Amino acid sequence: MDKQAITRLLEQVASGEVPVEDAVLRLKMQPIQEVDEYAKVDMHRGLRQGVPEVIYGAGKTKEHILGIAKAMLANGQETVLVTRIDAQTAAFLASELPIRYQELAQAGVIGQMPEPSGKGKVVVATGGTSDIPVAEEAAVTAEALGNEVVRLYDVGVSGIHRLLSHIEEIMSARVIVAVAGMEGALPSVIGGLADCPVIAVPTSVGYGASLGGVAALLSMLNSCASGVSVVNIDNGFGAGYMASMINHLD
Amino acid sequence: MDKQAITRLLEQVASGEVPVEDAVLRLKMQPIQEVDEYAKVDMHRGLRQGVPEVIYGAGKTKEHILGIAKAMLANGQETVLVTRIDAQTAAFLASELPIRYQELAQAGVIGQMPEPSGKGKVVVATGGTSDIPVAEEAAVTAEALGNEVVRLYDVGVSGIHRLLSHIEEIMSARVIVAVAGMEGALPSVIGGLADCPVIAVPTSVGYGASLGGVAALLSMLNSCASGVSVVNIDNGFGAGYMASMINHLD
Amino acid sequence: MDKQAITRLLEQVASGEVPVEDAVLRLKMQPIQEVDEYAKVDMHRGLRQGVPEVIYGAGKTKEHILGIAKAMLANGQETVLVTRIDAQTAAFLASELPIRYQELAQAGVIGQMPEPSGKGKVVVATGGTSDIPVAEEAAVTAEALGNEVVRLYDVGVSGIHRLLSHIEEIMSARVIVAVAGMEGALPSVIGGLADCPVIAVPTSVGYGASLGGVAALLSMLNSCASGVSVVNIDNGFGAGYMASMINHLD
Amino acid sequence: MDKQAITRLLEQVASGEVPVEDAVLRLKMQPIQEVDEYAKVDMHRGLRQGVPEVIYGAGKTKEHILGIAKAMLANGQETVLVTRIDAQTAAFLASELPIRYQELAQAGVIGQMPEPSGKGKVVVATGGTSDIPVAEEAAVTAEALGNEVVRLYDVGVSGIHRLLSHIEEIMSARVIVAVAGMEGALPSVIGGLADCPVIAVPTSVGYGASLGGVAALLSMLNSCASGVSVVNIDNGFGAGYMASMINHLD
Amino acid sequence: MDKQAITRLLEQVASGEVPVEDAVLRLKMQPIQEVDEYAKVDMHRGLRQGVPEVIYGAGKTKEHILGIAKAMLANGQETVLVTRIDAQTAAFLASELPIRYQELAQAGVIGQMPEPSGKGKVVVATGGTSDIPVAEEAAVTAEALGNEVVRLYDVGVSGIHRLLSHIEEIMSARVIVAVAGMEGALPSVIGGLADCPVIAVPTSVGYGASLGGVAALLSMLNSCASGVSVVNIDNGFGAGYMASMINHLD
Amino acid sequence: MDKQAITRLLEQVASGEVPVEDAVLRLKMQPIQEVDEYAKVDMHRGLRQGVPEVIYGAGKTKEHILGIAKAMLANGQETVLVTRIDAQTAAFLASELPIRYQELAQAGVIGQMPEPSGKGKVVVATGGTSDIPVAEEAAVTAEALGNEVVRLYDVGVSGIHRLLSHIEEIMSARVIVAVAGMEGALPSVIGGLADCPVIAVPTSVGYGASLGGVAALLSMLNSCASGVSVVNIDNGFGAGYMASMINHLD
Amino acid sequence: MDKQAITRLLEQVASGEVPVEDAVLRLKMQPIQEVDEYAKVDMHRGLRQGVPEVIYGAGKTKEHILGIAKAMLANGQETVLVTRIDAQTAAFLASELPIRYQELAQAGVIGQMPEPSGKGKVVVATGGTSDIPVAEEAAVTAEALGNEVVRLYDVGVSGIHRLLSHIEEIMSARVIVAVAGMEGALPSVIGGLADCPVIAVPTSVGYGASLGGVAALLSMLNSCASGVSVVNIDNGFGAGYMASMINHLD
Amino acid sequence: MDKQAITRLLEQVASGEVPVEDAVLRLKMQPIQEVDEYAKVDMHRGLRQGVPEVIYGAGKTKEHILGIAKAMLANGQETVLVTRIDAQTAAFLASELPIRYQELAQAGVIGQMPEPSGKGKVVVATGGTSDIPVAEEAAVTAEALGNEVVRLYDVGVSGIHRLLSHIEEIMSARVIVAVAGMEGALPSVIGGLADCPVIAVPTSVGYGASLGGVAALLSMLNSCASGVSVVNIDNGFGAGYMASMINHLD
């Protein structure tokens, strides 16, 4: 709640337009809507046209997801992205709501798919085939948030020719999401080639000393390339969201 | 080296304009300039007007830093940022080159300070007073790369009023660098308040279970706020560079 | 066994009231009661009126839990709290004993529910919806130990408005249990707002770099707020017990 | 800022007593006082009678500490606790302000020492002699916050008789701070003996597999005793503050 | 193979008693017997009367265990201890060999149970009920190796009376195996009470910050008591074997 | 792509033999063949006679593995090694392609088994029986790449006679793969005995403080023997590949 | 305090021999002697003839060490071992007390050196030259506690001949202390050769992935040899003490 | 000691040529020479012509290094490599022995520098300038062991052009040592380009989440390139030794 809003509210109180009691209520309650007892949905951002609200499905029952989604749609949302849900949950939601589910990404979009509204293209690249599910979570997220996405999969650094043969896509991106497990070197090489921000996503792909993705995470945090920042292991959603935010900057 | 460049070069070979020997050389050598034997400076990015080249001073002798800086200036750079140098090294450089050294940031700018050319403001915020040196590295980096920087220091989450009283600056930023040690919660709270990308910088401030900044790092990677990505512990430069890159996107 | 007790016993020995043999036995055996061969129940605390004895169910067979509970009831306990049991075990116990089982908390109360006897209210807050099971373990524990509990769920710091809208409950608590996974920042923000002790409970909610709750744990241990102490990951019981102890101080 | 305060302010605005501009300012600025540019002191708590404000000295210059202390005293504080300062800094402060410095604790109290105002006694116990500095930080903190402190040093569990011979002090405490390095078992044993809350403080005392106090920290977090919560490694201040908070509950 | 054996063999070669070829063979092959291709059994120790050979069952097929056991029995072993086998494997072995299986310990003894031949008693103590399976592995191992075992279960340090009431058994032991999970403090307290060697066994009992037994392990390695050494997490066999070795020293 | 190839291509462009468009394509696309959308196979190495291409099966669907294998065979490969596949996947492949599956190694060879073409023998040794699956992955890999393999299994250092009795095989190897879990000491002892390179493979065999193979890994990295290098935990393939590479050096 | 002692004391109380007040005092205070305020010395064990009391010097001032040593000598101790002191502290002690200081071990013996009273020999072996200081701490401790010590230094497993050439000493030991850094394999090999208990001591010798001795520690905990137990990193004293305890068993 | 040697020795005993006593001695003592009491030098490998013996200087006094070097030279060694010594130690050695010290590598060669005797070239590459000291240790080691070394420094992956411009050297190497700190990606990219074995050396260059080189180490262990194995952090010597061993294979 910014200064203008507070000032305006106080002026309305001063002029008697808004009673004191109501002002207190609005100061405290306005942006939150409770869905039964199990969730407090922040309607703040969602109220702006075209930006879909997101439901993180992991750890929620399918009934709760349905309830939250309905509350969002009822609140005027045109698009609701649901991440980390399996096919069964998607089918449950599909019985009541129009959802396009993408199994590889374990994500679905309820309602209308927005037109691309970003300034440029979001490139999503992966080191290997096994990193694709995480990359798809990023790609679907970015698409649901109104971005055109270019996918470059299986371009890991141990066969540098594969990456170099896509130098054009890399050079023409506005923001790049680089997804890799194992040694996690992809963002460093891409960061050295590209002139745009790179969001690095370590994945839990690997075994033994990959320590569930920690090796790739550390590698990315220590990248010798400039213009690289990192999100949590397997956090395709976070990278797609960040990429969209950057791609929508005026 | 992008497709157009390769195509053009090959056409010149085909037309006889460029001899085969020279083409091989240019394909392989062009963007690198060797400084004696101790460094290979990438002149690629630096050639574009106004973007300063950067020297990471840690682990380099002051003679090497001087040599590299001179090579850059000779190559046409107008501004050279040098990070991670102490006052003594700065004094050594100052005897031959015009450098503005900022001790708190342990960084200096050689040559002309660029005019702000970013689209908006870069906000740099810290949780505590002890995080300021890292924040200053970020701020000086952003300034040297042509950004207007707003500093919000000592606004940690344990006194949430301090942060909320600066809600205007946060809401009006184009990109925010959030610097915090100890529990590293600042980026999560800022990420929930702001509508722009947040670059989180964990610092090694703390003791015991802060594990040299690892606690803050993990906290930031697990942020429940969207639109937050993370750089290495104490990596003010990386955050400032990333912020500038985002702030200069058209 | 305190000084008075030793002194009294020795005086009884000195006066011949208690034979030497018996004194040795009482010095060594008194507060422990063996339940078959599998457990040694400490009846010390339980003997005081109204304070229920607790059975930690994890790793115990349902027959053992039943046996211990019966021994406690036979010993005069009016209330027995059983934690970390699933619905099946609860059903087994219910066939012989009056138990109120709360599935979310994975805990049940056998016997009479005590009246609230604490000095004030125990607030139990969570960062997200997924933290609720751990919070419920804390809440049920506190209730079974005679406390009035106020629940504030899904008030995580990335949407600070949600927390601030409950500032009254926070300000009027006598002790607060703050439960959070992921970046674990909730206790720091609450600790900065409240004037009472805050017991922080990290949860294993999260993925990747949350490292099974270690990220939240480290975050809480490094809290920049004063008046915050921490219990083990997912240890709702421990937090509820500590909160009750504090709430019952005269 | 609680509901009453907001309501009252709004009523004053409604009645014209307070101009809108001023109200905005007070809503945002009131509890914070900036000390030059380097600190934002929260005067909120300090305004209540007798509760001293605290300065965490680590990482601050002695000039900054002096400046902050003066600002606090000027604001009406009667007692200012300064932790983590060495003898040299203390001497510097002593040249301008009345400070009682306790070298073992690396802490000093500026101004008037408060009378004990807690409900009972705070017991501070250590496992070994090397843990005493951390224990003293806790003890001095508690004393500066108005508590009577009982010290039980060098009562580690490997010689259980040493601890048992002080059973009276343990049984009569209102809250206990248990400080231990190495295997960190002291809080578990004390927690089993006492009926009051135990704040466990791991110390970095030890070598090899003590991992700088992490072994003791983990040990304490896994305590099988109920009523034990933990603060950061070597965080004597945090334990003393928490203990005082508990000891001052009505 | 000690010096006497080498000398004797060489003298036999020198005297012509043993051909050179045979000597080479005996020097290299004697103590090893191959069981098909899957194992090389060291018959060295087993050849001495009464000391049973041991089969570590984890990761071996039940057919392999049977084959190795038969080879040992055929070689003259009277007792074969098999650890880390489930009831199903035990039943399979029982169809061909006389085995006494103890499910709690997940171990069985094939052949004749040896008479106690140690010099004194081996005490096996646990902190809690959940540690009993590991303790039983230690106890059964010690018994199979010819020791009288005294079990003290559920005597954890958070109820120190439980342990003190068994001070006689502790004082009269020749060697003690102390088994504990969670904070792992039991060996420290026992080590301070007893005058004999203590073998500490951390268990994986616990959750969260117990890190699968690492907390207990670190605690035990940092024990402030003298005369305590440590084996791997859950390694009841190792502790029982070591205890037997100590108990059989002349 | 080496200098000769670039030079030759450029000369062909210069002479008009190769059009510019084609040269660009060849510079960028030549060594990569896309298999549908899910894989980019590097045909570079495979084109040389007799060296089989490898498919890492983990995380790939059996349909994808089949598709990639067919593309390789169609491309002229005579041998395709597939690692990390279970018996079910092998059966699926066997329905269309001639595959020899080795269950212990979880690997199969499609097509013709190459004749040994290495300079000497590859010795694969293990510390225990449980390490054999990893060793077999190394052995099968080496065999599929044209090496004669000598297996020395169950020769761990705690029974040093077992290892010493195979000193001849060790002394006559050209390269040794030493596979061990638990304390991982085998490569150190072999490294001290042998005169050839030793590739150390830690395995995840063990429990508790083996930390999933990390203990063995650290042990091997710290080997006091010279001539030992290490691959990832359980990475039999990597060791076999490296050994083959060394064994095929002229 | 065992049962006999309690019984006797109570009988004396019953007969009037000992007043109640005194009995309480003796029950609680007897084995502890306070040295000023800084230490509580346990005189319990020291009272038995010939067993020296030990002072762990690390973290104690030289004045405190002197004070404790004097109290011990005054109490009838004939030998006092002081560990972890540098030459300067030793010189300070030497000015008042007869001390034999051994710089390599960083330990000194005050008073009379005891005659060897153990049943056999204690062998102390090291992997390398750099491990000798830790080994000497173990050796000096064992000697000060009345043991004959055999030193086998620099017999690491990467040159197995060096160890095998000392097979006689190993076979004839009653207990072995095996000290090693880096990969820590020595105890495993010795454990396989010897028939007596082996106390393994990891050292912090090494660099990089030795992680300050953690690699050696993990290696030893995972030893595949039976009869090996482990003490803390660099804990020569603990190993020497444990070895002496074992060597003095009847 | 191989089979032939044992057989021959035994035949000599059988024929009376060698007395039994001498044979025992030779079997046990032959390859070891004791240097005073502080070292046991393995003369086994050194006896072969031209292969220098190595002294690891870290943790040894300069007098010991001198003594060992002299013993080696007296034993017929022509070249002695000494690693991990500073300039001061080198000066001390230089006063008695002819040593060429290379400060960057912290290593020196005593005696005659061998002619290159390897089959091909050893390429030593680094990611950055700060990695050069470790690379020089590898290079000097390889040179002292008779190899021609090609240095490629500062060719890190974030500027992939720098590496690709040296593709010829990489393609023509017989073995490559790839040295990198921070994200440690260099070996993966080189491994994908080269056809020869790659020895990866992580360095401790970096800060924060580089964890003293652990990030680079993990990255290298998880390399997605085949033909890469890893040595300890900063272990230039180990990599140079391994490379030489591979380069000298027939």
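Letters A, B, C, D, E, F, G and H mark the chains in the order given here, with residues in each chain numbered from 1 onward.
Note that in this section contacts are C-beta pairs under 8 Å (C-beta built on N, C-alpha and C of every residue); 3 or more make two chains touch, one makes a residue touch a chain.
Quick caveat: nothing in here was measured; it's all calculated off a predicted structure.
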*asked:* Treat touching chains as neighbours: how many steps, at the fewest, connect subunit D to subunit H?
replied: 2
*Using the contact definition stated above, find the chains touching both subunit D and subunit F.*
A, B, E, G
*Hey, how far is the Cα centre of subunit A from the one of subunit D, in Å?*
41
*Length of the line joining the C-alpha centres of subunit F and subunit G, rounded to whole Å*: 49
*Quick one: which residues in subunit B touch 2 or more of the other chains?*
1, 3, 28, 159, 164, 208-210, 214, 217, 221-222, 226, 232-233
_Pairs of chains, among all present, that meet the touch criterion_ = A-B, A-C, A-D, A-F, A-H, B-C, B-D, B-F, B-H, C-D, C-E, C-G, D-E, D-G, E-F, E-G, E-H, F-G, F-H, G-H
*In their complex, what parts of subunit C are in touch with subunit B?*
127-128, 156-160, 164, 181-185, 188-189, 191-193, 206, 208-211, 214-216, 218-226
*Over in the complex, which subunit H residues touch subunit G? Could you list them?*
1, 28-32, 37-40, 42, 44, 58-60, 64, 202, 204, 212-214, 217, 232-235
*Which subunit D residues qualify as touching subunit A in the complex?*
3, 6-7, 10-11, 13-14, 16, 20, 23-24, 27-28
*Which part of subunit E faces subunit C closely enough to touch in the complex?*
129-130, 132, 153-155, 159, 161-162, 164-165, 167, 205, 207-210
*Going by the contact rule at the top, pick out the subunit D residues touching subunit C in the complex.*
1-3, 45, 54, 119, 167-168, 171, 174, 195-197, 199, 217, 221-222, 226-233, 237-239, 241-242, 245-246, 249-250
